[in-house]
Structures are given as C-alpha cells and as structure tokens.
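Here the structure comes first, spelled out in structure tokens, and everything after it is commentary.
Read from first to last, the chains carry the letters A, B, C and D; within each, the first residue is number 1.
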C-alpha cells in the first residue's frame, strides 16, 4: 500500500507547524512498512490544493492523510466533514483573504470523510493519546485542502481514500501561553496509528462520537 | 411578516432549556411588531422535525428561527451549516440514540443557512452581546432540526428563509460549575435582534467570520 | 448596619469595569435597607488603598465588600486569601508596574478573608447565579486592595469585617471574543446577596469548596 | 548537592499520577549529576507530610522539589504560595475530607516558595515547554505538602530550599476527554530543568509573572 501524508508550512506568525513536523516523522517511521511519502503544503488558498493534486499524481497513493494545526485543541481531531466555503479569518501566507467563496464553484456543500473516523479515534485512544471526532475543520486552509481532497476522490479518484486530522500546538509554541499542546513525537505516533487503522479498516465502528452541539 | 421561533424542551437531566425560555420571551416581545409564534420542540429524533413541519404548516411563516442550548458556549452562535448525520452522544428524551444515520436518506450531505449569518452576528454584537458564526451545530437534536428546516425550505418552501442559533446555558444551570452562561433576558434580546436583522437583510455582510480550524 | 462597597475604574484598555457598574447598582438597591455607599477606586497601586482607607474613615462601615473584574471567570469568585505581593503583569493606570514587592513591608505573607466565604457562595447559588470560592486574587490591584483592607482590619479596625469578590466580564466587553460574561444586573444581584449574607452570618458553613489544585 | 524529588500516588480514580511517573524519571536522569532521590507520597492528609519529613531526615537534601498533578492545567505551574488551609473537595485516599482546617494550628496563614519561581519558569520555557507561576496550589494534598515543606524549612531546616510544581495530566489520562495534557517525558524534562535552575539560582529574576486576577 502507498500512503501520502501531508502537513502545512507555518502560518499566523508561528515558527513551526506541528502538522509538518509530525508528518515527516510518520513518513520516516513507515507505518506497517507502507511506502509513505510526506509532502509539505503551502498555506495559500488554491496553491495548497494544486500541490496536493500534484503529490497524488506523482505518488499514486491508496491512502491520503492530510494534517493541519488546530491551536487550542487538546488531542487529535479526526475531521468528519469538509465544507465548500473559504472564509479566512486571517490572510494566508500569500496575503489572500477570501470571504464566503466556494472552494469548488458548483461543488456540493460538503463531503463526509472517506476514512473510518471512529475506528481511527478509537485506535488513537487505545494507543494512550487523546482523540475525538470533529464536526468542523474551520474555513481556512485545513478545510480547504480537506474539501479539495474529497472532491478529487469523488470526481477523479474513486479508488482513493483520504481524510483530514487536526493536531494540537507543539509545546514550544505555547511556552508562555495557557494553551494545550502535544509533543510532536506523540502527534506523529497518533498519525501513524490513524494511517494503520485507515489502511486495514473499511467499515467504521458504530459507536457514538457526535457532539451534542 | 410572520415569524416562527422555536426552542427545545430540557434534555440531559437539565430542568430548563434556555432556548425555549428565551423563544417565549421573543414571541411576547414581537420584534418589529411581527406576528411571532413560539413553539417548543421535543428533544426526540424525528418527532422534533415533524413538530417543526406542523408548526410551519400551521403558521405559514416568512422566517423561521430555531434555537437550541449549547452548553459551554459563551455567546449566541449563528450556525452556518447543517449536516445530514445523526450521531447521538446521549439518548434523546425518548431513549433513541441513532449513530451515523442520515436525517434524510438520499439528502445532500449539508445545507448552508439561508439566514444572513454575518449580518446577524454583527447586529447582536452591536447590541452589546457576544455572538459568532459557528461551523458546526453538532449531531444531536439541534443539527437534526436545522437540517430538517433547511431540507423543507430546499424541497418544499422556496420562499421561506430560516436558520439555527445556539445559545449558552442560563445562569441557573451552572451555579456550581465553571461553565459560561448568559441571562435568559439577554438571550431573548439577542434572538430578537437576529429576527429583526434576518427580516430586513437578504444580502449578507462580506466580512470574515470563519474559524482557522 | 453601614455597608461600603467598592469597584474599580476600567483598566487594560477596557471602556468599562463591571465591578463599578455593579457596585453602583448595589448601593442604589440598598440590600436589607442598609446604609450603603459605593466608591470607585483607582486602578493605581498605593492610591487604591489610600482611597479605600479614606472611604472607610469617611463612612464608618460595619462591612466592606470590594469587587474587581476577573476577565475569563464564569461566576462570582469569593476570594479566600490575600497575599502580600504586588506583581503587575501589565502597568496600572498610572504606569506603575511593581514586581514582587510587598504591599505592606513586614506584613504577614497572607490574610484570610473575614467574610463567611462559603455561606456567601451558597447564597449566590441559591439565588440562581454561578459562584465559587477562589484561592487566589492574583497579584494586581484586586489582591492589592484586598490585602490592604485585610491589613486595615487586622491592625486598626478589629470590629470591621470585609472581603473581596471577583466578577466576570460584562457582555459588552466580550462581543467578539470567546470569553464568558455575566450581565451587570446579575452581578449586582449576586453582590447584594453577598452583602446580605455577610451581614447576617458570622459562622461560616462547613462545606467543602476547596480546589484540588 | 543532594536533591529530593517527590510525586504522589494516584487519586480521584486515576490509574496513574504523572507527578510520580515523572519524578522517578528525574531521579534516574540525575540532573547536573546531583545525588537525586525520588519518593512517592501518599495522597492522605497528615501521612503525606510525615512521609516527606521522613524522606528529608533520611536523605538530608539541599533542595526539595515536590510535584503533584493538576488536571486541567496546560503546563508546569511553579507554585508561589502555600496556604495554611485544608479544604478537601473530594476525600483523600484514606477517606479523610477535612474542611477549613489548618495544616499547622497556629502556623502562619501562608509561606512563599523558597525557590526562584520566575527563574524556574523562564528556564522551562527556554527548554521549549510551557510553564507559568501559579498563585494557588489549591487546598488538597498538593498545597498540604507544600505548606508542610515550607513550615519544615522555616522552623527546622533553615538551610534547606524547596518548593512545589503542579504538572498537567499525562496523555493517557485524557484519551476521551477535552483536557490538556503533557507527555511524562516532557514533564520529567521540565522538572529536571527546575531542579538545575533552583540549584544554581539564589536570586530570582525580576520579571513580571503575576496574574491580573
């Protein structure tokens, strides 16, 4: 099996992005011995999806796991749904700040993840790390790439499966702040567990993980 | 203009539901002098949508605002998107606990709100109360009713506009907890501002309110 | 019985300070019909205590309740202990920023409140508002005034009783932030309940309200 | 130099206590090559201080660092002040639940830490981990032991220096919860940095780290 894992370059004034630091470690660790490639995506609307599509074309993966930083979250958040809206609270790294623009004009309002999100969450917890299903990937680059991936799968790559995971800040990003964090080693360990679980699981677990609001 | 506003009965062991306490106050206050009806929905999957549909049929509204309790939120959350998934963390008031079931089999994955969500948020803030656009209404009864309303509008009532607002706990619900709350009077004031704003606004504001994650 | 209640002027770039907005309402409401005076203290090290001492000398109270803003807290926090340390994270309104300086050189490290803190918390909850005992009043003006009051009582006014209550942001201060708030009317109602409870209670309740950390 | 580091046994239904897991790692790592002993304290009022006193008598340390679990905190919290009050929100591991009892009858209301708390915080941050000065150690076993240590130093061991550090949950404790955590390896690394800093620093840094409330 071939696996593509992506992380993002830093944004918002941060010096690092733990999604990329961890993605590189996952590729080095080669979960289950899979041929795993890590690619760093730009934090730029449009360009990020183009880079993702190029990486898929280049590496021909069976499974794609995209990761992004979600400052303030306490564990790995396996995203359930990608929404067809860009709405940038802050400018991206090229200065773009789209507001309420569709990612794919005419595309469906949303896609559900093609990963077994609950099996992934259960496996990360089993490994001793906090995880949850998330109901929103936001409206910045993470949701943008997630939607781009889901649209690619739905329209051009029916055999491909893929999804998105948000990861907490690395400890070094919050040294003087009261914000939760997770070590990059633990983030990478959790992402590897998700790759392994998604690779072997096609039917998701029937356990409740929804939010009451 | 005719307005229908809904709240929910209490759930999860609570003695009150601030969405209903406030909805009643809004109907009594008659924002802009509109003919405003308040209806309390059951916290029961399926039944809640049936009650909503009956209330729409009975009152023939031009605008529907559904409200629900979102314990832990700090202000009014105007929901952007309804997702076609029931995934009940806790049983509803009839003991149902659907997991990953579609609300409308074959329906689209999601609908965007037909309310001007950013204009509504801006108006509530202008009135001195905290508000934000939310990217997920969860997977419990609130999202269920929101999706049911959006599907009704999309498939049967093209002239109707409507959306969903999550409200914080009332103070009495958190007396011994470290959870945020908002007085029912302020919740009602904010909901009335949303009704007034939605009634007079058809083009939303082009300001960023997206989440970075 | 004569009551003195104090609040602070705004600080930290805020346009209002809910402790003063509420203190004024309490004085107008005259809890239990008590002769109640509200005084606004400067947010300036040294000067604030001088103003408090002058107000005590002028009004000759039996009970003093000082209030201050604690942005981020969810309910009324009845402070248990005042510590003899100024350590200003931000400059006060006169530009002073003392670091690790004693409030009263040679004074004890700390004083416990002379109010029945648990009876006060129980009474506020009974009134339907969130409240808790707090184990730290910080190191800014609130703790400064609290310590100054406790030292005055301990060294010069043995018959006087008094304490400190932290209050949440007012809603208007958090319109665009994810921070908890409480309406000024509810803050005032809670402070009045504390005045009434402190006035009639000399032996505190023996219920646990400590923090595990 | 001889160092004594303590952690606690699990409490509150937890299977582990990260303060002890980390303390053991610190003793194995021998910061600066110091002769370092780790001792696990019982989560029992009275007994915990007795165990601490026995360990001090046995090992004759120059420096004592006590650590405890503070579920919900995001980084290492170097405690500034120990207060002479036991007030147990939950029973200890022997079923005791003292309410508003002095730890040392007739003892001072509080002691300040004899560690250079700000130098310790700065050093942990320099090592890439989140840390802060805390103004309250609560009223459970952590504050109890901290006060017992400070009283021992003040009354019997004038040459000894010591203090208390609260640590976050370990990741395994929060797998299904939205609570912050820190890896035990990182906790141990931070505690070792504190030992090294406290050993070489007698005059604290004059930087503001106080809380505004």
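Basically, contacts are C-beta pairs under 8 Å (C-beta built on N, C-alpha and C of every residue); 3 or more make two chains touch, one makes a residue touch a chain.
Here is each chain with its UniProt name: A, B, C, D = Pyrrolidone-carboxylate peptidase.
What you see is a predicted model, and the numbers here were worked out from it, not measured in a lab.
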item: Each chain counted as touching subunit A and subunit D at once; value: none
item: Remotest chain, subunit D as reference, centres from CA atoms; value: B
item: Chain centre separation (subunit B, subunit C; CA means) in Å; value: 37
item: Subunit A and subunit C, separation of their C-alpha mean positions in angstrom; value: 46
item: Geometric centre distance via CA averages, subunit D-subunit C, whole Å; value: 29
item: Set of subunit C residues in contact with two or more other chains; value: none
item: Subunit A contact footprint on subunit B (complex, rising order); value: 12, 68-73, 80-81, 83, 85-90, 97, 99-100, 108-112, 118, 134-140, 142, 166, 204, 206-213
item: Subunit B-facing residues of subunit C, complex; value: 74-75, 124-125, 128-132, 171-172, 174-183, 185-186
